Amino acid sequence: MAILMLLEAISLSHRYADGSLGLDGCSLAIRRGSRNALLGANGSGKTTLLMHCNGLLQPSAGSLRFAGAPLDMSRAGLAALRRRVGLVFQNPDRQLFSASVVEDVSFGPLNLGLDEATVRGRVDEALAAVGMAEHANRPVHHLSFGQKKRVCIAGVLAMQPDVLLLDEPMAGLDAAMQHELLAVLDRLAGQGITIVLSTHDVDFAYRWADDIHLLAAGRCLAAFAAAELPAQAAALKQAGQPLPAVVALQGALAARGIAAGAPARSLDALLAQLSLEEAR
Amino acid sequence: MAILMLLEAISLSHRYADGSLGLDGCSLAIRRGSRNALLGANGSGKTTLLMHCNGLLQPSAGSLRFAGAPLDMSRAGLAALRRRVGLVFQNPDRQLFSASVVEDVSFGPLNLGLDEATVRGRVDEALAAVGMAEHANRPVHHLSFGQKKRVCIAGVLAMQPDVLLLDEPMAGLDAAMQHELLAVLDRLAGQGITIVLSTHDVDFAYRWADDIHLLAAGRCLAAFAAAELPAQAAALKQAGQPLPAVVALQGALAARGIAAGAPARSLDALLAQLSLEEAR
Amino acid sequence: MHIMEGFLPVDHAIGWSLASAPFLAWGVHSVRRQLQAQPEQRMLLGVAAAFAFVLSALKLPSVTGSCSHPTGVGLGALLFGPLAMVPVGFVVLLFQALLLAHGGLTTLGANVFSMAIVGPFVAFGLFRLGRRCGLSLAVCVFAAACLGDLATYLTTAIQLAWAFPDPAGGFAASLLKFGGIFAITQIPLAISEGLLTVLVVNTLTRF
Amino acid sequence: MLIEQAAYANRWRGVSPAAKAAFALAGLLAAFAAVSPGAALRLALCSAVLTCVGAGVPAGLYLRVAAPAVGFLGLSCVGLLVAVDPDSGWRWAPEAWPQVAALAGRSLAALAALLGLVLTTPLSDLIALLRRLRCPAVLLDLMVLCYRMLFVFSQAVHEVRTAQQARLGDATLRHSLRSLGQLTANLALQVWQRALALHLAALARNGDGSLRFLTPQFAHAGRDTALAVLAGGGLLMLARWPS
C-alpha cells in the first residue's frame, strides 16, 4: 500500500508571517495515477497545501514525502521536485507574464536547462495536449479566460511532471470552457499523470474525482473514495459542505423505488438512469 | 406596456477601436423594478452592453432609451444618467480608488454635489445595506474578496440609483459569500431597485431572475420570463447554454407522474416538492 | 540610499527643500495642464506611483551576490517623462518615509532632489542624447538607467559631503569617502538596474 | 509592511491625526533644538516609550522598523569618525566625536518623532489631514491612488514571483534577472490597463475631475490637539533643559 503513495503529507502545519495558521496538522496521501479533489471552503487551506506540495512553502511542523522520500529542501532538491510536481495557479493573469503563448510555455523547460530543439518539441506537445496548438503565436492578452487557463496548464505540462496540481481550475469558466478543460484533464489522467485539484464545489468533486480529501480549517477532516461520499454526510456537514444535489435527489427518488440502482454521481448520470428505467 | 420599460436598447451595435464587434444589433428592454439576468458565454457582449447602459461606451449604431427618453450624451446628460444607473464592475481591485472604505463609498455622492452631512448619511446607509457597517473603518486591503465586492456595491448605492447593473457579481465568490451577496440583492430588489446582472450560469439565472435575456455573439437571441425558460430549449442551445439541470430532471420525473406540479426553479425547490408529495 | 530622518543639519534640510520646491511646483503645474487635455492621466500617474513604490521594494539579484533594490528612476523617466516623475517621485519618497521609515520628512527635500529630480532628468537627457547620436535602443536604455542611477547616488554623496566635510581634507575628501562607500555598493547595483531596464523595455516593445 | 500593521492596530488609532502630527512636529523641532546629545537621546527615549507604552505598539516591532535607519546612522557615523588626508591616507578622527554625537542624538530623536506618528496613524488619515491643509489636489490624487494600488501591485508581484518559482524561474542568477525583467515588464503593462479601468470606474460614478472624498471625523479632535500641543511644548522644554 505505502509504496503506491506518490505524495504524502504527515501532520503538516504552516503558520504565515502574519501569525495566521494556514495548515493545522493536515495529513493526506495521494495514490499514483489517481484523480484527487481537495474539497473545502475558501480559507480551508487548499491553496496552502498545494503550495507545500510544490515546495513553495515550507512546513512549520510535520513533513512531506514524495515517491517515498522526504522532500529535500535544498536548492537542487526543490528544482527536482518542481520538475516532477507542477502547480497551476488559480489566476491565469498572474501566471502568464510573457508576451506570447509560445514564450510563456517555454519558460519552464528553458529553466530546466534543456536545449532549444527539445524545448521547442515540448512546447508544441504541451500546446497540442491542451488543444491550443493553433494559438501558439498569439499574444497572451488576446486570449479568452478559458484559453489562458489552458496555456497555464501547457506551461506546466511542458516540464513533463508526474503530478499536476491545479488550484480551483474551474473557477470563472463558463459551461463550455469547463467542458473543454475537463476533456483536457481526462486526457492527461488517461496518460497516467496524477492529478490533484482544489475545489469548493462538492457536485464537481463527486462527479469527477477518484479520491476526495475534505479540508476545513487547515485540517484534512476525511479522505475517501468518491463513490463512498454518500456515507460521509457527517464529515461533509462538519466541513460546511452540502451533500451533492444528486445524492439528495436520488435518495428522495429511491424512497419511492425509482432510480434505486447504482448511485449516480452526476445529474446527467441520474437522468440517464431514469431514461433507462423508462425504456425498460 | 412601453411606459413600463425603464431601459431599452434598440439594435445596438458597438465596434471597438481594434475593429472587433462588441455588440451586433442587440435589442433589449428592462422593466422597472424587475430582476434581470443577462445570460451568455464569455465574450457574448454582456459587459459591453452594461457599459452602454451607463453611458461609458457609445453605440456605433442603434440607440438607447432610459425612462422613455433617448440617452443624452452631453456631459450633463451623462451625469444625470449615471446618477440613476449605477454600474458595479467585476473586479473590485479595478474600481476601488481609496484604501479607506468610507472614503471610497463617499466618492459617488460627493460627485453629485451633495453637502457633507447628506453624504455622510448616505454612506452609512449604503454600508448598512450591504452589511459592511462594522467594517467602515478597516482599510480595503484588509478585506476579503467578497467584502470588497460589497464595498463596490455600496459605492454605487450611495448614489441612490434606480437601476443597479452588476457585471458577473457571483464570479470568484464561494458558496457562503454568494449566499450573502444574494441576500443583499434580494433586499435591494425588495426596495424597488431594478437589477440587471450578467452571468454565464444558467442554473443561477433560472433560480434568481424575473426576466432572462439570452446573449450570444453580441446579439440578444431571446428575452423571456424566467418561468418560461423550459420552453426556450432551442434558443438556449443556440447560445451554447445547457438546459438547467432541474428542468431536465423534472421533465423526466413528470413523465412518470412525479413532481408534476409547478416547475421547480432550483434543485432545492424540486427536492422540497418531492418531500411534500411524499408527505401527502 | 535614502538620507535618514534628522540626519541633515537644519540649514541643509531647509536648503534642499527650497531647492526641490520649484521643481515640484513645475511638475505639478505641468501635470495639471496635461490632465486638462487627458483626464485619464490622473489615474495613470497614481498607478505609476504605486508601481514605482512596489518596484523599489523588489529585491534585485545583484552581480556581487548581495541583494539590493532597483530605483526605477530610469524606467519611470523613460515611460512618463522626467517632469511627471517629480510629483510621482515626491509621493513615492514621502510614502517610503511614512510606510517604511526609509528617509524622512526633514530630509525629504534632499532625497527628492537626488532621486526625483537629478536621476530622472539625467536618465532622460542621456536617452535623448544617445538616440540623437544614433545609438541602439538597448544601449541608450542601459546608459540612461545605469547612469541615472549613478547620478542619483553621486548627488546623495555630494549632499552628505557638503553637510559633513572631512575634518582633515574638507569637502573633497568627504566626497571621496561617501563616494567610495557608495561606489562599492552602488556600481554593481546600477549595472544590474541597467540590465533589468533593458530587459523590461525589450519585453514591453514586444507586447 | 510592519508600520502599516501597527498603524491600524494601536491604541491611538482613534486620536485625531492633527493632534498626532502636531506632536510629531514638535518632536522634530525639539530634535533640532536639543542643547546636547544627552538631551536629544532623552527626547528619543521619551518618544519611543510613549509610542510603545502609550499607544501600545509592540517594542519588537518598533525596533525592527527602526533597525535599517539605525544601521544607516551607525555606518555613517563610522565614516565621519575617519579623516582622509590627501597626503597621509586615512586615520581615526576623535576630534569629530562631538559633531558625531550631536548628529546621532538629533537623528535618533527625529526618527523617534517620525515613528511616533507613522506607527499610530494610518496613511489614509494622514492624506486626509493633508487635504484639510490644502495640499494641491494633483498630489492628493496621486497619494490616494498610490496608497490603494500599491497593495494591489504588491499582491500581483507576490503571485507572479511565486508562479515563476513554481516553474524554476530562479534556477540561476541569469534566470532570476530574466524572470524579474518579465515581471517588471508585465507590471509596467498593468499600469496602463489598471489606470484605464480606474478611469472608467470613476466615470461610472460621475467622477471626471479631482478625486473627492469625505474626510474622517474624530470624536475629541479639539481636546486631543490641545493635549498634543501641551505635550509638544513639554518636549521642547526637555530639549532645551541643560543636562
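We call the chains A, B, C and D, going by the order they appear; numbering starts again at 1 in every chain.
By definition in this document, a residue touches a chain if its C-beta (ideal position, glycine included) is under 8 Å from a C-beta of that chain, and two chains touch if they have at least 3 such contacts.
These numbers were taken from a predicted model, which means no experiment stands behind them.
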Rotation, 0 to 180 degrees and nearest 5, that superposes subunit A on copy subunit B via CA atoms: 175
Highest C-beta pair count, chain pair: C-D
Rounded Å distance between subunit A and subunit D, as computed from the means of their C-alpha atoms: 43
CA centroid of subunit A to CA centroid of subunit B, Å: 31
Computed distance of Cα centres, subunit D from subunit C, in Å: 18
For subunit C, residues that touch 2 or more chains besides their own: 203, 207
Junction residues of subunit A - those touching two or more other chains: 98
Multi-chain contact residues (two or more partners), subunit D: 123, 144-145, 147-148, 152, 182-183, 185-186, 194, 198, 202, 211
Chain contact topology (line, ring, star, complete or other): other
Contact pairs between chains, per stated definition: A-B, A-C, A-D, B-D, C-D
Subunit A residues within the subunit B interface of the complex: 41-42, 144-146, 171-172, 174-177, 200, 240, 242, 245, 248-249, 252-253, 255-256, 258, 267, 270-271, 274-275, 278
Complex interface listing, subunit B residues touching subunit D: 51, 54, 56, 79, 82-83, 86-87, 89, 91, 93-100, 102-104, 106-108, 110-112, 116, 119-120, 123, 137-142, 155-156, 159
Partner subunit A, residues of subunit C touching it in the complex: 203, 206-207
Subunit D residues within the subunit C interface of the complex: 1, 3-4, 28, 31-32, 65-66, 68-69, 72-73, 75-76, 79-80, 82-86, 91, 93, 95-96, 99, 103, 106-111, 113-115, 118, 123, 126, 136, 138-139, 141-150, 152-154, 157, 173, 176-178, 180-192, 194-196, 198-199, 202, 208-211
Residues on subunit C engaged by subunit D in the complex (per definition of touch): 1-2, 4-7, 10, 28, 31-32, 35, 39-40, 42-51, 53-55, 57-58, 60-61, 70, 75, 79, 87-88, 90-92, 94-95, 97-102, 104-106, 160, 164, 166-169, 172-174, 176-178, 181, 192, 195-196, 199-204, 207
